[in-house]
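Notes follow the structure.
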Amino acid sequence: MSKFPEFDGVLTCPVSVGVSERILLGHGSGGRLSAELIQSVFLPAFDNTALNHLNDQAIVDFAGKQLAITTDTFVVKPLFFPGGDIGSLAVHGTINDLAMGGVQPLYLSVAFILEEGLEIDALRRVVTSLQRAAEEAGVQVVTGDTKVVEKGHGDGLFINTTGIGIVPGRLHLSADQATPGDRVILSGPIGDHGIAILAQREGLSFETTIQSDSAALHTLVRAMLQGVPSGAIRCMRDPTRGGLSSTANEIAAQSKVGIVLQEEKIPVREEVRGACELLGLDPLYVANEGKLVAVVDPAAAEAVLKAMRAHPLGREACIIGTVTESNRGTVVMRTAFGTMRIVDMLPGDQLPRIC
Amino acid sequence: MCLAIPGKIVSIEDAAGLRQARVQFGGIIREASLELVPEAQIGDYVLVHVGFAISRIDEDEAKQTLADLEQMARLTEEVGADEMPEHSVQNGPSRQ
Amino acid sequence: MRYIDEFRDPRLAKSLIADIVRHVTRPWVLMEICGGQTHTLVRYGFDELLPRYIELVHGPGCPVCVTPLDRVDKAIAIASRPDVIFVSYGDMLRVPGSKSDLFQVKAAGGDVRVVYSPCEAVKIAEANPDRQIVFFGVGFETTAPAHALTVLQAHRLGLLNFSLLASHVLVPPAIETLLQSPRNRVQGFIAPGHVCTIVGYKEYEQLAARHHVPIVVGGFEPTDLLEAIRELILQLETGRAEVVNQYARSVSRAGNLAAQQAIELVFERCDRRWRGIGFIPKSGMRIRAEFAQYDAERVFGIEESGAEEASECIAADVLMGLKKPMDCPAFGSVCVPESPLGAPMVSSEGACAAYYRYRRHETQASGEVH
């Protein structure tokens, strides 16, 4: 006669693995592990005022002006995808880091790490695309560098950039300025970039091909800043790795406020939703490369929205949430059923090498 | 782990003796094996799990389920919110 | 999306809840078995919407959560070999073994790859004839047919470098175990709709009759689960104990015969240890001797590590619905998704992870959104 196990309250569980001593892919995901790496390794080492704001760009006083500096690295795989490539992505991503501070982008440096064996033709395509993107955005690539690593050590091509620009006037956008009552505005549908990349990798095909939304947002930002009083826009962030969730959580944490999102208000394209359902992904965590989140004074929200919708990159802009006094440091979402769920920070990576 | 999503078969092909389909989910199309649902035809909806169709959606049953739910919803709306049964115990902060 | 969105209609959900409220007169304890169902219930906050009389406890339907410790250790040992390409579903990568996990193996240089379908593992094997490809086949009855077909495909292709590390568990024996326990509080079950799509629900009829509990075969969308809960309440309030098929659009009483045949061809029942629960007789599946060359356990001859699970993780009690994740002293403090003590905190379908991700605070929204 088979004997079934009896439960006598013995608690059984493995010993915790604990903190990793090595870098995991998750450390690059833009989620919780990335944040911990910054807090535990980088901040203690560098520790200065400009850095400690932890914005997408650093702003320093220089010769009577406010100079903005940002740096970014691009490791996206594959190199070419619908809607762009690593070259155009490098320009858009760097410009956007500056634009989120209201900065007028001026100059870029571009450094290439090339893998031995990469086809020079592929490099040419990337460089042409990069130059075109820079020209369209009105910035110049003024300096660069090239290194080559042995075959097997570089996945084709990596790009590192530095972007420099000027902050107009005494503008101060920062993720620690969100105030209870502020509106959270999103510029358009989420998840396009991450799904476009994944579709390439996984051999998914779409009826209408999903394009990456990779775009330079500085002119949209300029349109938003015009016609609203200084300080009405508290901060802006582009939800890249880690998606809308990471951006909202970062703002909530840095401003020490709560954020309530409204699920039904967040736009997602049908194809993106289909891919996410199929693969068990949540669009809230999927990367975007041509979208921004803005936290705005409620009195100015309508004006900002109007300015966004008049711009080609903001046609589908909408208010998706509110900043709250309660649940400080947490992002919650009202579901279509009226219940509240937490929008947690991604622990590891959903989709590696997305940017 | 039990993630299975319904999709519509748009084409079927025989790949080296194995029946494969292109299945449409919302706006995307992905391949799935039909080995476990050999009777499936183009236009059928199938439930796909880890790249394999595991059942054909019985559209009549689906319609019936939705019709029953729709009827219940209409009745509930007709009865209205003022008919709260005395012995029920609602939970937590309500939002009506 | 067709056959998904309709079953997420809040209007239909609200009327189901109203009807449940109308019929419930006393406390009942219900269990949903499948991790995917847990995920839906917690993500949409159904515990908030349902009358307090209904207590939902979450069952052991997360195959990642119940994969025994020594099997994870075996996987880690195999994945660490330089001649192996170790292929797995994403969920298994962060499950802690005795000393490490597959993510750590990858970080240390092991070739560990994530796939959405076992077909991709076969493709990898074809593309890498000089490497050993091992696929970590974790799942319930839902996934077993896919794994069986994958073995058959490898056999058809004459692959010499492919094997399956099978870790399958069966649901009815786990339910039997729970029902036999004197500590069991569960009075009605929502049976896993995708498992039943494969195997049908005859075995559940036996369970219902033997233990006089109502069982409803439920789907995974919000209205599916609410319909299942409603049916359970109706039965419990009138003293009935029948098996009802809510998920009739996918499930038939006999199940999918082609799938059952595939399983029968490649696998045989065996005793299996469930992580945190212990040995449950005839609750697992192993690869038959005829397919020994595709059985990673035989191919690699990895010894049982004999690892015993110990310490504060209360996975056992959570998995059998005896405790909630929040009852655990380690929940949210020592045990979080980044550094989990046990599998239910790792798997996206694990009860602890679901609660941590969606419901860990009491959330009061003071802000209104326009």
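Note that the chains take the letters A, B and C in the order they are written out, and that residue 1 is the start of every chain.
Everything below uses one rule, namely that a contact is a pair of C-beta atoms (placed from the backbone, for glycine too) under 8 Å apart; a residue touches a chain by one contact, two chains touch by 3 or more.
Nothing here was measured: the structure is a model prediction, and the numbers come from that model.
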Between A-B and B-C, the pair joined by more C-beta contacts: B-C
Most distant chain from chain B by Cα centroid: A
Separation of chain A from chain B, taking each centre as the mean of its C-alpha atoms, in whole Å: 34
Euclidean distance of C-alpha centroids - chain B vs chain C, Å: 20
Per-residue overlap in chain C, given as positions that touch at least 2 other chains: 1, 4, 14, 48-49, 116, 364
Chain B residues counted as touching two or more neighbouring chains: 3, 5, 25-26
Residues of chain A touching at least two other chains: 270, 273-274, 277, 280, 338
Touching residues (chain side chain C, partner chain B) in the complex: 1-4, 6-7, 9, 11-12, 14-16, 18-19, 21-22, 24-25, 34-36, 47-53, 61-64, 89, 91, 116-120, 138-140, 142-143, 145-146, 149, 153, 192-195, 197-198, 220, 223, 227, 246, 248-251, 256, 258-259, 262, 347, 349, 364
Residue numbers on chain A that touch chain B, as the complex places them: 199, 204-208, 269-271, 273-275, 277-278, 280, 338
In the complex, chain A residues that touch chain C: 2-7, 9-20, 22-26, 32-33, 36, 180-181, 183, 202, 258, 260-262, 265, 270, 273-274, 277, 279-280, 319-327, 330, 332, 334-342, 344, 347-348
Chain A-facing residues of chain B, complex: 3, 5, 7, 24-30, 48, 95
Chain C-facing residues of chain B, complex: 1-6, 8, 18, 25-26, 33, 35-38, 45, 47, 49-52, 54-55, 57-59, 61-62, 64-66, 69-70, 72-73, 75-77, 84-85, 87-93
